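My questions all concern the structure below.
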Amino acid sequence: MILVLAYCAVLLSFASGVLALLMHQRHNLLALSRYWLKKSPESNEKYQSVIDNSLEEKQFPIFLRQAVFVLLGFSGIFAVLAGMSVLTSKEIITDQISLGLPWLPWHVRFDSLSGFFFLIIGIAVSAVSLYGPGYVKSYDENHHPFAALGLFTGLFVSGMLLVLLADDAFFFMIAWELMSVASYFLVAFQHENPANRRAAFIYLLMAEVGALAIILGFGVLASFATGFTFDELRAAELSSTWASIAFVLALTGFGMKAGIVPVHVWLPEAHPVAPSHISALMSGVMLKVAIYGLIRFCFDLIGEVHWQWGLVLLVLGTFSALGGILYAMMQPNLKRLLAYSSVENVGIIFMVLGLSMIFMANGHPQLAALGFLAALLHAFNHALFKNLLFLGAGIIHHQTHELNIDMMGGLIKRMPQTSMLFLVGCMSISSLPLFNGFVSEWLAFQTALQVDVLDNGVLRSLIPVAAAALALTAALAAACFVKVFGLIFLGQPRSHHSDKAHEIQDKGMLAGSMLLAGLCFLFGIFPGLIITLINGVAGQLLGETLPNDAALGWLWLAPVSAKQASYAPPLVLIGALIAAGVSFWYLRRNPSTVMRRAETWDCGFGGLTSKMQYSSSAFTMPFRRIFAKVWMIDEQIDKDMQGAMNQDVAAVRYHLQVQDHSWPRLYQPIERGVNNTAKVVGRIQTGNIRTYLGYSFATLILMLWVIS
Amino acid sequence: MNIAELDFYTQAILSLAALVGLTSFLMLGQGRLLRLIFVFAMQGFLLTLTTVLAAYSLNNHHLYISAVLTLVLKVIFIPWMLRRQVLHMNMHRDIEALNNKTTVMLGGASLMVFSYYVLQPIVQSSPVVMLNALAVSLSVVLLGMLLMISHRQAVAHVVGFMSIENGLFFAAIVATNGMPMVVELGVAFDVLVAAVLFGIFFLHIRTSIDSLDVDLLNKLNEVDK
Amino acid sequence: MNWLLAVLQTMLFVALAPLLAGWLKCCKCRLQNRKAPSIFQPYRDLLKLTNKQPVVAKQASWIFLIAPYIIFSATVLAATVVPLIAVDLPTSASADVIVMVGFFAFARFFLALAGLDIGTAFGGMGSSREMTISSLAEPAMLMAIFTLTMAASTTNLSFAIGHVLNEGFVLRPSFVFALAALILVAIAETGRIPVDNPATHLELTMIHEAMILEYSGRHLALIEWASQVKLMLYGVLIANIFFPWGIAETLGAQALGYGLLAIMGKLALLAIFLAIVETLFAKMRLFRVQEYLSFAYLLGLLGMLSHIILEASR
Amino acid sequence: MIAAYLALLIPFVGILYFALAGHKTDTGKQNVWFNSVSLLATIWLAINVLNQGTIVSSGKAFLIDPFNVYLIVLTAFVGLTTSIFSSPYMAHEKEIGKLNDTRLKLYYSMYQGFMLAMYLVLTTNNMGIMWVAMEGATLATVLLVSLYRTPESIEAAWKYFILCGVGIAQALFGTILLYYAAVQIGDGENALLWSVLYENAEQLNPEVLEIAFVFLLIGYGTKIGLVPLHSWLPDAHSEGPTPMSAVLSGLLLNDALYAVVRNKMLVDGATHSHLAGYLMMGFGMLSFLVAAVLLHRQKDIKRLFSYSSIEHMGIMTFAFGIGGPLATFAALLHMTVHSLTKSAIFVTVGHAAQVAGTQSIDKIRGLIRTQPKIGWGLLIGTISIAGFPPFGVFTSEFLVLLATMHSYPWLTPLLLLGIGIAFAGLFRHIQPMVYGEKPEGQLPVKANLWPVMIHLALVLWMGLAIPGFLANWFSQATILISGSSPL
């Protein structure tokens, strides 16, 4: 039954993709319906008008878009239902689909871990399907055919769902690559932009390389096992060297997809250029699928984890978290910024997973469960708020035709609802209390603070440092999102477009964002709801759950024991409401102090303009100086001089380019290497037939010599 | 084993093998196209002789047909066609300057030794004469390739190609007393078609690059200019 | 009973905060040979501000209007979790020390947004600098606090202080480092010299003031009050974590009375110390602050490492 | 058996018919008809073989077993779909004045000639005839390569002719050595029959066979396009008419590999060593890597895909070299999906070149906007050939990887490296061609893309699920080649 729900989710998303293909088949559909109506004229008379209406030339695209997204939405709902039901029933359901290789049908397994990620995908897809119809309306059908967009969106979603269901290496890889390829097409959707093409290429390349690493990882496991189903892989007995090799391969593969520094390069290129609701799915959900893969591989398939692996994850995660947010901070492009911030959040998830592994390997399964829980919770939360922010970015782009935050400003008055929703997202991602982002970060800190139980000196000193780095990350994230919200929504409009912007009219687009914003808040106040579910996942996968402190109940969050730490967001909310209410009431009671509006103080010079406001690069200038080594900064100031002796400055041009280190350090050498090799190898093909004959001759001689 | 102990047939075959090898060497060092073609025709004639000899001594009738085919194709038709081309192209006065002629000749000689060396393992299981004949034919094949590598004229390439065929044919007759008839016919047909095609190609190449120097055919390559 | 006490204690906290500010100002003036205002001057200022008509820039949005309330509430919430006169505080359980840092972050988030809201260069400058300094200060602070919480193996402040009390006076090298780190952070976070000068209005040196330049009337009152509460909060943290003696461990009237006296005494001493520091040092350049804060971070790290290696090693 | 004779007879009639009437307007359609009838005949043949097992004709001249029968059907199928494509393609070429009546006659006649040679290579039981047919295939196509009479095409054809001729001569030497080994143990007239040789493989002289295999591998390897014998391949594929490139890549290379594998089966039976396998693995890996790297330097779209063919032939050769049921199964599957995909790609490439009026990669732009079907066909075909699931190429590459990991784990990194480099090489060229704005004045052409769709659909099907009869078929062939079943 539960599995049927899951299958329904997959099939519905697939169906939505296929349905989108009908976009250009209106005439055929029309003919078909005519034929059908003619065959039985009486009984179908009442449908006639409906069909005629929906197939009418102007109506049809709108109708079809709606239908596609409705199917997608149902897919999301089914995914949520399936996830919820498997999480609550705590069953493990297996099945086989007779596709695939003749001796290896597709094995399906639906357990709590998959269920949890189903839930994440389901929520995100539901929100996106509310949002989608309004967003895609603006695409010109000739240049950006909906058929392609809808098809690949459907395939992308079903690919992600299938990854979660896969229970053998082959099926897993097929689903995995389906996900990659479908999203590749989505990245390349607006391919008239060279940047998009480049991003798509890099994306697909990295996906391919990552997938190869994963295949190799499975292969290492499989060479110790009797087959390729996950059950057989689980049973494989690996020496610790081989297990470590498998781990490194899996980490490379899944880490590439998840966007771990330094292999994150594709992510900030690819995520921003896709249509916004797709960016939301890619950044919010697809990265989670990569994390799912890593968890499945390390905790489930290999089973026996080593603390060194945990350390690797911890260190990589720390670098990603810090690097991600620092890079994010420098981006003037909103969607790029959000993409980099995904790198940061994935880094946090990796850190906590690393902690979980360390505790696991050192024989503290309960603490491992805590870390695991924090990681999954953060994955869940990140999916919510990152989706929300990307959808918000989509709305902003839709209304202002701008993505450069230096060109925005003052939108809070022009787009009040959007600004509220976006604010919720910003607060969640900055991990402020009362919002969901805080809960998972709090749990992460709690995990790190359990370091006292460990014996290893390296770990004992490294983990606290990592915790401090986490604190720095959180603070930087707050700074970054203050910049984002402040520059986009506050102050004065910095361009004509943002001056003329107005609130979005499409209810669906707002509803989709609202759903996510509501959940961000809900799970910020009642994290217990989701934590109970994750606890089940930990129980099933690690065989250990958190000690459920019944005395404290749903109101409290006390991961280890009430003595050690506790957090009760509802109480905090009540307290905050009381404090704010009291002060508000107290201050407003005097009628003579009604607020008065006046011009902004301009120091008496007169004429504040929007150009005088802080810009993105101005806001981040102190950070740029402090962390100067992190980026490759190219800063140029050109002055046009005029007047006698050329001493008066007529105009100043400021040029700033901040670049990621990993391009020139890691990727360009590889690219150059391949090109040079190709050049060298190309020399064998001289074009002269006598040389070619010489090769043939030499090969013959050599071979004969070899065998005799 | 002393050659005197062998029967006359074997002695004759070995002598012919030596002669065939010699013609290959002659071709390798030959810079004049007409002489090259002449030597090639000689080689074809030696091959015909060998075939007839084999047919007679083994009393194998279909080898006579092979002999006739060889005579017609390799001794008459192909040399005639090539000669006509050369005269037509007015190339019969050209002498191709061969680079490192000595090296090539020395290489050819070592190829012969190499052929023996390669085929050495077979010796336990077969009469020596076959080994020798096979070694000669292998070296004819290799020398044919060397000829093509060292010469730049398309005509020389055709000669080299055909001389490789000669080597193969020699091997087939001497070592295995001729292939099955249907195969031989097929091979002969292929050679005939190939010869015709070569004729067509000379025409095309000449209209295309106004020469038959294959070194000029180097537009398609992977090298950075 | 406990909950009532917690509420009362919070109210006391909020009520006493201006007094501490007044005392500090007083001390500083005397040290600098100036005539000091009354130590109740901050109360008068606040009262006056609340009764004035606020003037709000036309550009400002609702963020600007609600920010003072949010800042004030968040700071008050932070104050609820810190034991002032009695150790056993039920509110400490609803939010531990990490959440307390979160409250500060919350307040700061809105303060910085409010700075950006009016669209002047000053506001943006203040927000940018504030976020820079705080993002450097936060890890240092957490490092210092983690040292304590790991020693006490709890992040609940009530339990942590209780733990220190139970253990009696132990000379822990880690606490020395953590104390130093916390003091440095407290100075940075509360905007005191040498990081920021609360009295300046010179644009190039302003940080905190730059953000609230447009505030007036009751909004300004709330923000000022909130920063006074924050100052006191850091004082109480330092005093009660590292020198908890005197705090009420039972709920008798006498114990509570002693607790009040003890904390007032400790805060008075701390204020004198701060005044001396403010008098002796000049304000730093903005880009020296990072060195200052990384020193604080280093101290916090040393504290942590000495805890792990020297004190709890196995 | 009648079916086999029929399959040989039809193209033979075709040669004669088109030589006389190849210039008529509807010749393209007639070519399609000829090929359809051939396909029906081969399917009939296949059904017979599947029902009865291996068939040997009276007189043992022909041998149809599960290994070659599936290649025969594949050959007929690709031949048919390519002819469907070639009909409008050649009409267009004639329209723009690149071809005249005589050459069209030649084209259609030689198309059938090539098919005849292919069927003969596959059906014959006689290793000598196999050689003759293989050479015949060269002779049939060499004039097609130079069909356009441009200097480049003549150069390409000349190289093709000489290099393949010399190469295949070596194969003949190998065949003679094989015969030499065979006559030592049996009668002369039947000694070259594969079925006879295979039965007596145990008794054949291993030393002779080793040497013979070197010659055979180098000889037929030239036709497969194994590096360093591959030089002719990109030239010939890029300069001829595109339908020719499609069948060369899709069929000729396969059949040459088929010949090598047939010989390997004999050699393995005689020597009991893995020498032949090692040689094949070495050549396969080298070809694969070199071609993958060279993909990066291509400027001509057809050259690009001919290097990709070399790369894939490398994988197959490597896989056959590994031996064992899994690798053999993978190689057979790869042969099939590669043929289908590559011929589909050449079809779209041909149209793409017509749309842009050039084969130069730099000048082909914005295909999706100009003619979406061609653009998408090319893109999806490339995705498929690059080994992305759910297409069948992924399945076979996955299996090759697994087999490698199982037997020679230290070679897998090389394999993966090659796949990665090849992928990048393909996509860096494909993306700019299919994406982007439509260039000024670029117009759609009349194109029939059903072959592409059918091929890609089949490849997709094989990626998702290998249908039962096909799996059965492959596994019978695998049993034949490797001795045991992967199932």
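So that you can tell them apart, the chains are marked A, B, C and D in the order they are listed, and the count of residues begins at 1 in each.
We take it that a contact is a pair of C-beta atoms (placed from the backbone, for glycine too) under 8 Å apart; a residue touches a chain by one contact, two chains touch by 3 or more.
This is a predicted model, so every value here is computed, not measured.
Chain centres here are C-alpha means, and the one lying farthest from chain D is C. Here the chain pair with the top count of touching C-beta pairs is A-C.
Computed from the mean C-alpha positions, the centre of chain B lies at a distance of 31 Å from the centre of chain D. Inter-chain spacing, taken between the CA centroids of chain A and chain C, is 37 Å. Rounded to whole angstrom units, the spacing between the C-alpha centres of chain A and chain B is 69. Put simply, the C-alpha centre of chain B and that of chain C have 100 angstrom between them.
Listed for chain D are residues 158-159, 162, 166, 170, 210-211, 234, 294, 297, each touching two or more other chains. Across the assembly, chain A contributes 679, 681-682, 684-685, 689, 693, 696, 700, 704, 708 as residues in contact with two or more other chains. For chain B, residues that reach two or more other chains under the stated contact definition are 118, 121, 145, 148, 157, 214, 217-220, 222.
Pairwise chain contacts in this structure: A-B, A-C, A-D, B-D. Residues of chain B that touch chain D in their complex: 118-119, 121-122, 125-126, 130, 134, 137-138, 141, 145, 148, 154, 157, 161, 164-165, 167-168, 171-172, 175-177, 179-180, 182-183, 186-187, 189-190, 193-194, 197-198, 200-201, 204-205, 208-209, 214, 217-220, 222. Here chain B touches chain A in the complex through residues 114, 117-118, 120-121, 142, 145-146, 148-150, 152, 157, 214-215, 217-224, going by the rule given at the top. Chain D contributes residues 126, 128-129, 131-133, 135-136, 139, 142-143, 146, 149, 151-152, 154-159, 161-162, 165-166, 169-170, 172-173, 176-177, 179-180, 183-184, 188-189, 191-192, 205, 207-208, 210-211, 234-235, 238-239, 294, 297 to its touches with chain B in the complex. Here chain C touches chain A in the complex through residues 50-59, 61-63, 65, 69-70, 72-74, 76-77, 80, 91, 93-96, 98-99, 101-103, 105-106, 108-109, 112-113, 115-121, 123-125, 127-129, 131-132, 134-143, 146, 149-150, 153-156, 159, 213-214, 217-218, 221-222, 286-287, 290, 297, 300-301, 304-305, 308-309, 312-314, going by the rule given at the top. Across the complex, chain A meets chain D through its residues 98-103, 143, 145, 170, 173-174, 177-178, 180-181, 188, 191-192, 194, 197, 200-201, 204-205, 208-209, 212-213, 215-216, 219-220, 222-223, 228, 674-675, 677-679, 681-682, 684-685, 689, 692-693, 695-696, 698-700, 703-704, 707-708.
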